[in-house]
């Protein structure tokens, strides 16, 4: 299998390749040792003479198909959405692949560690893995892949791996603080996943974007690269209800999360086609359609199980799609000019702003819940907290998430500028990373 | 993100763009208001102190994975199947995307309205949405996307939106008549979805096809556009059993629908590879393979839950695949020459004729059901109607569906020719619609 | 739909096309007759007055979503993985499509026949088809598609069809021997599917590879063909847990199979990125990433439900990924030079060696099971056999599978060289098979 393009062995990739290989091998050795010591299956082989357990079957039929949808969102969804760069499609889908895999492995350990730190007990028990663990690990992957969207084309795989190594750690810490301490309600992760991933990634981008990013000729798409990207967009769109519904505690909430997410996505999609048509004077921008159409899924995430009126989900979607489209058309060029923020995939527009709005909306929706709309006491829903208390906790979590993401992102960016990493001189270019 | 192709701002898209934007905004404003007034969730948040409800969990585990398959058929299946046009792939997948979304929103309202008109009562109740509503809305999308296949490349997005607005309305009316009045058995929608969508689309096409459609150089595919289309074909093929099984009332019927659909699809696929090889003197036609292979799924639709002998499903598949392939190789060129019917995707071959045959076959299969083959009284299966009565109702529904589709299609075609829509002067061309 | 490439009607495809068409028609006529006589549905229409059956609903919700994942692996996974050849992508996905369909039809008959021969009774009963039958038929397709990977580009569709006709027969025989006689434990088919398919295919390849295969200029990929192939790789990767978990007898084993498969896949993926980077001096090989990343899923197949420590699954993955990558980088070129084995997709590296290792690992894992690790008597798990007895049966099955695959593969290769098949003179070329 060979491709007739000139052999262009870049020297910089050679230099740091040994360091990269050593780091990666050590990382995997440590992972496999820690799995050997700390990780066990929730379900062991069962004695066939004992009666049938209903619980694992329920876990399987309610969980596994949803988990597979989330898995497709990570590998195909994020992977192909980022193939739009015409000379960086291989790296987009390939680096997306390996980062997802490594973060998946690491998160299970990080999560087991931080949960015990935050809740302060059960250090004796091992980390038990089941279907739910798989999904929460994929949620962590989502955050890291969002950050990847910000730095895409500007870092080599060694840098990306170190970024993922640090980010997954603080993602898991923030998640443990928000859910196990603050009791955040964030079923679809607008706050903990999208806001965290976006502002971590943007902070790294601010630190590491080289000067020549500006107007780089390879920072562009072509006819087929956008069609490949559309595969990613559509699988993200279709399976977003699975992403937003999995953590629901009962099937009623789960079904409502599915429908709210679908309605919000239809809202953002229609808003984007209208807004893009206005900006482009009757034509459409493929960049808007590939990205901003998904903003409804991001924005409705935190409150997908809380919204009790279908039109409210539609409204969240319209707002998210409109804002995201304005972000791509107005805000991104502005931020590039004013503060030199080069956000390759526009993650601020698709994940950052819609994530923050999702957090704010959740405070409003939850704060507005009453015994009348719910049919039972609000305190029964939130473990004794009132609607306004829970609303306040939502905003507090948003603030903590932003703080952790930005601080750790800036530090990560500084680390990645160390000479040992030897970042790529040629940007947005597959030939630096792949034998072609 | 920019593509190095000449800037070619077509004046006609500019002219009608304001009208399009106003129409679209008004449509969405009306939709969100009507959702606010009439639509509510079937499942509200539950009081955690009450006992667990089995019913929503059953609804979720039996319905949600099937719904997601149907969703993939709409967005990826139809969307990518239509990318085969080498300069119209973006519009194919993009317009497919937005039409699906808008029809999804509209259908829920249309259906709520017509069901009440036809059944004549319960005007007091709100429209309750659940997983089943999502699937029936996607079924409506299928009909509109089939029509899109007929007019693809010849209408702008404004015209398509108006077409969808009208078609979804009469689709929902026809559906209400056939199911709630006539008690049609049509689990996979050969009649109500495929026949309706195909002949509505063909009627519109007859009205609006411009003269220059004939032998238009851009009405063609290339190597990669056909590979993208294959993604669509295969996802339609694989998930067709989900499309044909969802409405089954019991798991036995559902499993038999799945298997009948799979067998019919294997029948049509083998028939197409043989027939195409005969027509092409030992070679294969990609157009046949992309389309006619799916005819078995269309044709078995109405009777997927009624067929009790596996070989009968195979036979339906062979017949549908053979007829569809003959349609692409012989009938389509003939209709182009004789009556000027330019059917971009060959929807008459893939959905029209196999849909009609599906309706006729269902009358035969149902008419042939006896207490011996069923194991219980036929009247118990059809709410008191005999096998031949139900067979007659199948044919009556087919006739009504054809009449409504053709009449409303012709009227829609006439409306779309109004000067205010300003149809595209350059056909099968993405540059008219997208900033490239 | 036409493509502007020169008309190049190859004479050899014409010559054997009539024979091919006659063979294919006869095959389908025989199939439909045999289905009419021998095949019936497991579930007939139910009398609505009888009480609800739980069993078919459980079969549906535990089986159908998993079956659909396996279906996607066949049509999209294998189909697109093989599109990497830049002038053979249409044939890759098209021949993959039709072979899957025909094998699916044939397997149900073959399996029904051999099961009765091996178990020696119940000739009176018909072959009853249900969801499980669909999945086991798709497993058979997997074996034949693996073989297709070895001969891809070197056989015409007639030859492939005859190969599938013979291979599916002996696949079903070997499966019946291993499972119904020897009581092999092989949940994910490392032995019966991957090893069988790989060494059957390699034996055929050894027999039929023409001289000009060596260094053939069209045996190469390009930028977009590798991106299409990545779609195949990722869907295989994501849905492999479904492939490896379906036959589990209880939900605990099924969930553990899912997680073991995922962990093994993350192991092989990380191993491949490291190993490929070492071989390519800091760059990555797309061939390695497309293929060897999946080796963990192959290798863990046999023991996915037996492994009780998560780190063991990781280890199996690392080993399989490393070996597979070494296979692509070192062994394949060596075998080409030394014994003239031209293995188009590298099936020896992805399915052959990892399959054999999977069989050996299963003997070790099963042999090491004790009452302590299991929590109950090992004999209760294996129908009265001890751990070491069952371990020995694993190795015996591996040997029998290899013997049947190689012997029948060699004979098949000799048959396919008969002049009546008239193999393609131009290799790796779609224009020979498709009207373009």
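We just call them A, B and C in the order they show up, numbering each chain from 1.
Here, a contact is a pair of C-beta atoms (placed from the backbone, for glycine too) under 8 Å apart; a residue touches a chain by one contact, two chains touch by 3 or more.
The structure displayed is predicted, hence computed values, not measured ones.
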- Graph class of chain-chain contacts, one of line, ring, star, complete, other: complete
- For the copies chain B and chain C, the interface residues, called same if over half of the numbers are used by both and different if under half, are different
- Can you check how far apart chain B and chain C are, centre to centre, with Cα atoms defining each centre and the answer in Å? 33
- Note on the structure: Residue numbers in chain A touching two or more further chains are 61, 65, 224, 231
- Per the touch rule, the chain C residues reaching chain B in their complex are 1-4, 9, 13-18, 20-21, 24-25, 28, 31-33, 35-36, 39-49, 52-53, 56-57, 59-61, 64-65, 68, 71-72, 75-76, 79-80, 83, 89-90, 93-94, 97-98, 101-102, 104-105, 129-131, 134, 157, 224, 228, 231, 433-436
- chain A-touching residues of chain C, taken from the complex the two chains share: 58, 61-62, 65-66, 69, 84, 219-224, 226-227, 230-231, 234-235, 237-239, 241-242, 249-256, 258-259, 262-263, 265-266, 269-271, 273-274, 277-278, 280-287, 289, 293, 305-306, 308-311, 314-315, 318, 374-376, 380-381
